[in-house]
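Before anything else, here is the set of structures, which you'll find just below.
First subunit A sits with subunit B, and in the next complex the same chain sits with subunit C.
Entry: the complex of A and B
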């Protein structure tokens, strides 16, 4: 096949009279492949390349809808502004902290849930369904439910604490407690997604490997570390990529639970982008912030993909 | 090394009885093959011995020890699985070393044992490879190596050759036999392939529907099948069966053909006058016309195999297959006159399907 396409490429210029459009009538595999890929490439350009390009372009502009002034080219001004903006640093740090706490948290809880769901229950649907429900709930809905759970007067969390003899906590008045409540909610909400991916990974491990390990003398814990965990690595990396990217974009849960308060102590980068673009209509600065978040997500993805490649 | 015994061994899943009270004594150093069609309970029996399935009733002993409730790791057995069950993320060396590491064997001892086993199996050059980099035959050898290094009391093989092509199967079969001769450990081997059973076993256990149909040496089960099932299962091409009635020392088939049972075969008809029987004749026990008891039928298909010829011919409503000399090439449609070695005729009760002679 390679020969056929090479022939086409080499012979075309030699026959000087050949019109460019005749290439599209050439049934060689390379031309055919390009033609078949074109619709998908066009769609991809429309929904990804154009918006991202437009975002980057806007980030180099002074474009505030409240000023009533036309957009002007600002170069790296928005980015320079960002470096001196304490709220940018605080919200970025909060975002990274949420990622560092909730991603491993959801991985551990998700792993436990997946191992439980993979137990040989005769009726599997109740465990599978209970895994799906938190995943299926909208993020803002989960945020509202947990805001009630952590309510200082009527919340179930304080009620349980008081029944156990502890004092109730005014969760949303303290930056640390509010942050803890948000992280707990995110772990609850996202661990089911981790569990689903890990469960799918668990089901690809042949039963005979565990049987061989049993005959070889390995107990349950040894089987987990010697067989389950190494064979789950690909599934775990995929789950981590998805979860980390969504953790970097955390918005709904802190927005519905604390609105970023007290102060901006629980605000995330996504909330700050939202505030600048939607509340303050400062599209230039908001876009620059969004570009930073995009680069963070890309950076994480590249690191994970390199990990997979190195493993392969 | 150790003996194994099953006493009234049973396995049920709910109301479904898979193994129905098996009694079997396997001697130390013996090579026993459990053979039978799918669903006969052979793999379940092996897995119960390994401790991978609980037992519903009866008793299993390895040596003098009752192992009914012992987990697999305490039974001192090693098993080769149908899909080999090699750990895909470990190298061949790590696969073989795993069980020894778990048991706390010193690193030097592990290395010595693996080197010895690898030499025996010819896999010394593969020790640093992962299972995905091995061919089917090499994986099979590694799986055996993993079992050998353990030096267990009993080796269990669960259809270990079923994933190999025909040529490789024959080769690995020979290696397994050589391995048993070299190490002499008790082996219990499960297969659905009667050729494997015949070539490997000291004794064959033929299972049907969760019960033992016959236990015997390969010669015994081939020459004296206890039932129609055993007669049909052991031997390739399969034994021929034709229904008939015993009349005056002869078998009269439904098409009217006669098969006299005089000379050596006369005794077989004693006391069977008027009884409906099934006659069993192995394809290789037909002889040329004039020798043995005469039989004739219309030739349907002729299959020359080079070393010999298979002739399929009609006898009443049955179709029989004869394995004859390669130069014998009758034409389809011809009437074939052939003889049967009377000492090799098997008679089965048509109702119970058990052997009569």
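Entry: the complex of A and C
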């Protein structure tokens, strides 16, 4: 960064005039960089780095605020408890299932929405807003809105089903239907973000590639799988990483739609962490659960990063 | 964003088909919000008619009045607004400084700093519920705006920093240098030259940070349970009683909650799309 103008600035003062305070007022590049990064570093230390250490530490403690007892070292007790806790296994399985269903679901629906929105519309704002509004809508609002959609008596979903000659479904009385309703809601809510990312990728693909393919006699379907999809891959992988990690943290939509019911059949790991922490004030057990979720999302990130590296 | 790109060109080149597809897109995106608007305008009596009505027959604003009187909706809005605005301001301030250091200054380990920022963006903040709860409790910050402002700032910091880095890199260095010849300090040049010239980027980052904060639910539910400090997403869940779900009133409250963000999105749609798709990384 020794640009011409800076050199003149530095050489301007008479020799020997650099006092300690001038260094403070006009710090060197490296000092300035450290100073500028300091607020971010401080915040990340307070909100991420220290809490991560604290989380691991607390997961090895007996620490329940309801008992009023000071924390005692518990070793692996919380983790052992977890292995025998059917609710832990159920909520973890639900979380994994939601991830396995809604991430590919959002990808497929998002791809379809993106291909549709990529058509040459005369006015662009209606389709653009149609993808932005679901993204901007709070997850908790989406949960409430769709709870009303799936209402067994007065919901619009059952109304449409009845008009089409089917029987209405009592969505929230059955574990499977409630789970399906939650997954549909999550796919609706998250697919528009996928679509925006894919759409941006679609618009960077040069037309000449398709023209060349046409000369070679490749049909539309083959063009999609041999040109469009491979070129979209980088954008899709990045979107998938973030979608998968947020899917593992699913909380808002099941909480607002079913509160985890019936029973705990639609509860997620995040809901179980929240319950143990905020309702039961069992911080030791809550921490051990959170460590599991942390490892799950670390695992996902590592797998995706390997995929990117392996295939270039 | 819907240019005539070859990927789907001429598969559906017919105009009627295009209009139909546009209609499907609009219904998919808008119907839930529209349906809530219709519900919010219906009377309790109309709501329990079977088969259900779609458009409200006798629109009423009674549900909106009840939304504001059954729960302190105005207070929820105020809390949400203040938390979102303050965390957006803090996010922008911190990420402008960090982005400038990354984009302009020669720092050793620039790549390391960037990878750290990307790593933070994939960090599952939910897992820190327990330690953050303990820290906020120890600092006496539970049931204050600060308990939410700090984590929300971290939530948006990576996206905002990445967006700003790419904008700062596009500003010619000569402009800063001439400002510094005119007697500006480096920090002065940053705020008087670089930031104003990057206004679209700062704006985009700000909107994303605002929406992130406006939407957050779990931390708000866990840290600010006191009735006077609830944010909108948390407050809206309180309209439902143990057995009663006053759907028209809930719908009215939802409409009130959707409007501010919807206005933001309508006005700045192009900017939001570019921000989401360039440095954008939140699903």
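By definition in this document, the second predicted complex is superposed on the first by the 265 of 312 C-alpha atoms of A that agree within 3 Å, B and C clash if a C-alpha of one lies under 4 Å from a C-alpha of the other, contacts with A are read in each partner's own complex, and residues count from 1 in each chain.
We take it that a contact is a pair of C-beta atoms (placed from the backbone, for glycine too) under 8 Å apart; a residue touches a chain by one contact, two chains touch by 3 or more.
Just so you know, these numbers come straight off a predicted model, no measurement behind them.
Taken together through their common subunit A, the two structures put subunit B and subunit C side by side without a clash. Contacts of A:171 after superposition on the shared chain: neither subunit B nor subunit C is touched. Of the two partner chains, neither subunit B nor subunit C is touched by A:272.
Look at A:46: by the touch rule set out above, it reaches subunit C but stays clear of subunit B. When both complexes are overlaid on chain A, the residue A:246 reaches subunit C alone and has no touch with subunit B.
Once chain A of one complex is fitted onto chain A of the other, the partner contacts of A:203 are limited to subunit C, with no touch recorded for subunit B. More residues of subunit A are touched by C (comparison of subunit B with subunit C). By the touch criterion stated above, A:120 is placed in contact with subunit C alone, subunit B being left untouched.
Taking the two complexes aligned on chain A, the least Cα distance separating subunit B from subunit C is 10 Å. For the contact definition in use here, the residues of subunit A common to its subunit B contact set and its subunit C contact set are 206, 209, 211. Of all the residues in subunit A, the ones that touch subunit B in their complex are 206, 208-209, 211-219, 222, 226-227, 230-231. Taken together, the subunit B residues at the contact with subunit A in this complex read 50-52, 71-73, 77-79, 81-83, 85-89, 98-99, 102-103, 146, 150. For subunit C in complex with subunit A, the touching residues are 1-9, 11-12, 18, 21-22, 24-26, 28-30, 32-33, 35-36, 39, 47-48, 50-52, 54, 93-95, 97-98, 100-101, 104-108, 113, 116, 120-135, 150-151, 153-154, 157, 161, 173, 177-178, 180-181, 185-186, 211, 214-218, 221-222, 225, 232-234, 236-237, 247, 250-251, 254, 257-258, 261-262, 264-266, 269-270, 272-273, 276-277, 280-283. Across the interface of their complex, subunit C is touched by residues 1, 3, 5-6, 8-9, 25-26, 29-30, 32-33, 36-37, 39-40, 43-44, 46-48, 50-52, 54-55, 58, 106, 113, 115-121, 124-142, 144-146, 148-149, 151, 153-154, 156, 159, 162-163, 188, 190, 192-194, 196-197, 199-200, 202-203, 205-207, 209-211, 220, 224, 228, 238-239, 241-243, 245-246, 248-249, 251-252, 255-256, 270, 273-274, 277-278, 283, 286-287, 290-291, 293-294, 297, 301 of subunit A.
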